[in-house]
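Each of the next two complexes has chain A plus one more chain, namely chain B in the first and chain C in the second.
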Partner chain A sequence: MSVPPAARISLKVEFSGGLELLFSNERTHKLSVPATVPKSYGDASGETKPADITFLVHHLRDNHLKERVELFMENATVRPGILVLVNDTDWELEGEGDYVLKDGDEIVFISTLHGG
Partner chain B sequence: MTSCGNPASEQDALMQRRTKFDKTRLCWKCREKVGNVVIRHAVYCRECFFPIITTKFKRALEPFINPGNETRRQGLKPAGNLCVAFSAGLGSTVLLDLISRLYFSAETGGWTGRGGTDHPRNAPVWKKTTICYVETSSALPGTRDRTEDVRAVVAQYAGFASFVPLRLEDAFDDAWWGKVGGRPPPSHVSVDLADEELLLAQKLSASDTPVVALRAYLAAMPTQTAIPSAIQNLIRLLLLHTAWATESSHLLLGTSLTSLSVSLISSISQGGGFVVREEAQEEWQPTVYSGSKRNVRVTRPMRDIGMKECAIWAWWHKLTVVGKENYLGGKQGIGTLTKSFIVGLERDYPSTVSTIVRTCAKLAPKNVADGRCVLCGRPAQPDVQAWKARISIRAFDEQGDVPPHRTLAPDPAPDERTRETHEDAAMPPRVGLTPHLCYACHTTLTSRSSRGSAAASTQVGATPLPVWVESGLEMLDGGGSGQEKWNKRKMGESEMKEAIAEFLLPKEDA
Partner chain C sequence: MPPRTCALCLANRAMLKRPKTGQQICRDCFFYVFETEVHNTIIQSNLFKPGDRVAIGASGGKDSTVLAYVMKTLNERYQYGLELFLLSIDEGITGYRDDSLETVKRNQQQYSMPLKILSYDELYGWTMDAIVSQVGKKNNCTFCGVFRRQALDRGAAMLGVDHIVTGHNADDIAETVLMNIMRGDIARLGRCTAICTQGEDTIRRSKPFKYAYEKEIVMYAYFKKLDYFSTECIYSPDAYRGHARVFLKDLEAARPSAIIDIIHSGEAFEVREEVKATQKAQQTCKRCGYMSSNDLCKACTLLEGLERGMANAGITDRARKKLDAEGPPPDNLRTIPFYNPPSSGTASITVEAAPS
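Up next is the complex of A and B:
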């Protein structure tokens, strides 16, 4: 059964610092994701939770990432060296992966691994 | 289930997750606005973030602009021009932006300070500025040439800086060497990396292009770690010679706090402990000008600014980061492993990365340097080989006790091998390269991995050398043309008086 439209949230996701190369070389992606998702990613039968950044990271990996997953994810979160901004604010101030996504949020992933 | 076997205590057993910031979400500086970014546990709003970064930048650069130890109070009066190294990476992109905003705003039309653009206060600190980029694609198969992308980025700064694109193979190019003021040698030498003495021989194939020579040099490196070290060293020397040729008193590198921690740990683990200070800041002059008053001061003004701060600066200022090739070697290379460790450390324990840099800044070598390494141009430790012989597990000395199984068919003595090589190549009996190298460079060229060499054995016999090595060797040989050789030593006061006695005026009675 498909999720009703009202139960989905729209997001703007941007990639920078070379990460866009892993996502079809497109810097900006407009996404629509379910507002409620399984507590464990991919386990449809278990408990649910509001969609958070941890879910978004997995969703991006499975639906938008074109190559080299190891450059984007490590241990169920983004790889060290990738900075995440939620509406222009460091995700460390927003609870990192536990931040609950809201309709119209802008999430930016910036790789800092381009050297000095 | 927990170790005590009680599933009910599972929740209690989990530690409370610590936030990455101290106390509140309010900006640590203005204490009014809600913060936007966390820098080593401190929260800053967007408005306070920018001045924090520029203050850190100026604090790391300005005390080193004036020659010697002159104080900042005398104004910023550098002894020469400015050379900015641009790698196309994040750090150097932010470096260029900061330099442009802080010291050349009038030229780029963005000056908003006091006194107007023609006021002497607003005159540029350096008369001429060069932005230097080294393209590495010839050394890294499958990578693209980014020179034109870099040229487009650098064009934004054309109001105050000229662009000097270099290629890694220039390190083997006599034409480039001539351009930067070097004297191309009459004939080239090669080195035998299979021998620990690094015996020199006449280079047989003089028609090699610089690209072929570069590839042969890198292919002869004994380990995966040695290749990125060699590339880094070539880039460093290309930049230094360009800075010297452009009469620059300062060479600025975009090494961020994170990158500096990586290079310090990586350098120490590859035997560069003696030059740990030079890894952070150094004064350099070409071998042929050693003793000259002029030198190039290599400064890393981003050394207090972490990668995260750089990324946020670049994002908020909408800077284009071209990106650079990763030449840190394979997954098991020391550079890759160190970078991965430090980046992970920065995420989990952000303050420890600056601790690495601060701790390394307190280190000093025990001995005074014994000249400079001909390959990297950095101070070399005295008696490197003797020390290496003491700490290494080696074959029995031919002169000493020879084990019974080796008495039947002994290897030729080292001096015999030397003679053979020189006879084969019609080379005068010149010493090997080893005595003129620092510990780190000798280790890079000779240390073999226990898992087998990265280089094919046929490639190591006649490995070409960068152009500055031959000049350095010529200098050490006294130019090979009867030039005077100078030795420096400390004299006692009485000895000094004796030496200049005939020039001293007699003491007048009062």
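Up next is the complex of A and C:
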């Protein structure tokens, strides 16, 4: 085993394409999340896992989202039509919700659902 | 996970998974394939000829912003010889269109293209804000859609352009195919996948992004840091299209090729001649000269209803009959200026002065 993980992870989260309207109209949010979280969200008694994007999405919903949750989440992940980038890379190349967050990561959520 | 290498250049780190092909590619290869596919669409469909004057229908949103950037890039790279313009319609929606037009004005400078803005207020004497205050939020999309279509043609005629290109992307077209199937609108189903449409008196319209996925357009704008505006219209969104859109996005999540597959299905439909023949013959509107399938075009009918305080007259047959029963329109009825379809050399160009 390597060194124990830091207790908390600092992240920069950005919303665009209209999603920022659901998050106090702020595009950029700096936040810190625990490095280790319950395996099933909100269940403190069960097993744990390293914090991943699936955790982050729930965390954003419960702590930062201001309105209309149905425009952000669906079936325990982001709604189809929302693009996610991990340090500027398409999350589909990074394991999507299973991507394990690292200190200093930049996560971008872009809605494609708004008019063109 | 180890970083993946780009499937095309085999050198750089992959940053994007293409929905159309599943390929994992790097940023530079993505720019190259995205632009080249649009170029191939343009060439294969013979959309332009050298010397064409082309207006880009610009809303300030992601699709038209990327379209303006890509059209400028391709025009220079492949020497299409096009003269490009930005054409924006100001529907008069406070807090929505006024903000997005600021984006278009920045695009005008960033891309050094002349910009023409034509407003509903100027053309019809009504802003959408005023229309909604009279008709409410139900049905107002009918007014906006009919008025925008005609305003684009008229704006293009003022610019003296040969051609309007719009930012409709593959997702939009697949949605329209689905909606036409759900409504049983066979005539529209037969034409909605055409890349280029042209009526007798109308200006050519085409969709160079017909095969471009929305995901790639948004990624392109993100990687290129293009300046675009994204807010939903504050008046009732088109609920029916919204359902088609959600359904399509769910299909795409399960199988990314679904979008291009649906477009292909739409293209493969053959509509029999006798079905096409049920469409009314086109004539010109007796009041404003715009193309129409009746004596009065849809915009004139809607406008007359608004002016006479019976806004539904352009929406339902019953309301129209009621309007007609009240007698002919008053002589001082406000009407739309007469439309002179473009013929070479009659253009009157007044473009926006570049903001300093």
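Before moving on, here are some points about what is shown:
By our rule, the second predicted complex is superposed on the first by the 110 of 116 C-alpha atoms of A that agree within 3 Å, B and C clash if a C-alpha of one lies under 4 Å from a C-alpha of the other, contacts with A are read in each partner's own complex, and residues count from 1 in each chain.
Keep this in mind: a residue touches a chain if its C-beta (ideal position, glycine included) is under 8 Å from a C-beta of that chain, and two chains touch if they have at least 3 such contacts.
Not measured: the values here are computed from a predicted model.
By the touch criterion defined above, A:17 lies against chain B and chain C together after alignment on the C-alpha atoms of chain A. In the superposed pair of complexes, A:81 makes contact with chain B and with chain C alike. Judged by the touch definition given at the top, the superposed model places A:89 against both chain B and chain C. Once the two complexes are laid over each other on the shared chain, residue contacts for A:43 go to neither chain B nor chain C.
Across the two superposed structures, the residue set of chain A contacted by chain B and also by chain C is 16-18, 80-81, 83, 85, 88-90, 92-93, 108, 110-116. Listing the residues of chain B that touch chain A in their complex gives 19-21, 25, 35-38, 43, 46, 87, 89-92, 253-256, 258-259, 302, 307-308, 310-312, 314-315, 321, 323-324, 326, 340, 343-344, 346-348.
Residues of chain A that touch chain B in their complex: 16-18, 80-81, 83, 85, 88-90, 92-93, 96, 108, 110-116.
Taken together, the chain A residues at the contact with chain C in this complex read 16-18, 21, 79-81, 83, 85, 88-90, 92-95, 108, 110-116. Taken in their complex, chain C has these residues touching chain A: 1, 4, 13-17, 24, 59, 61-64, 167, 169, 171-172, 214-215, 217-219, 222-223, 230-233, 245-246, 249-250, 252-253.
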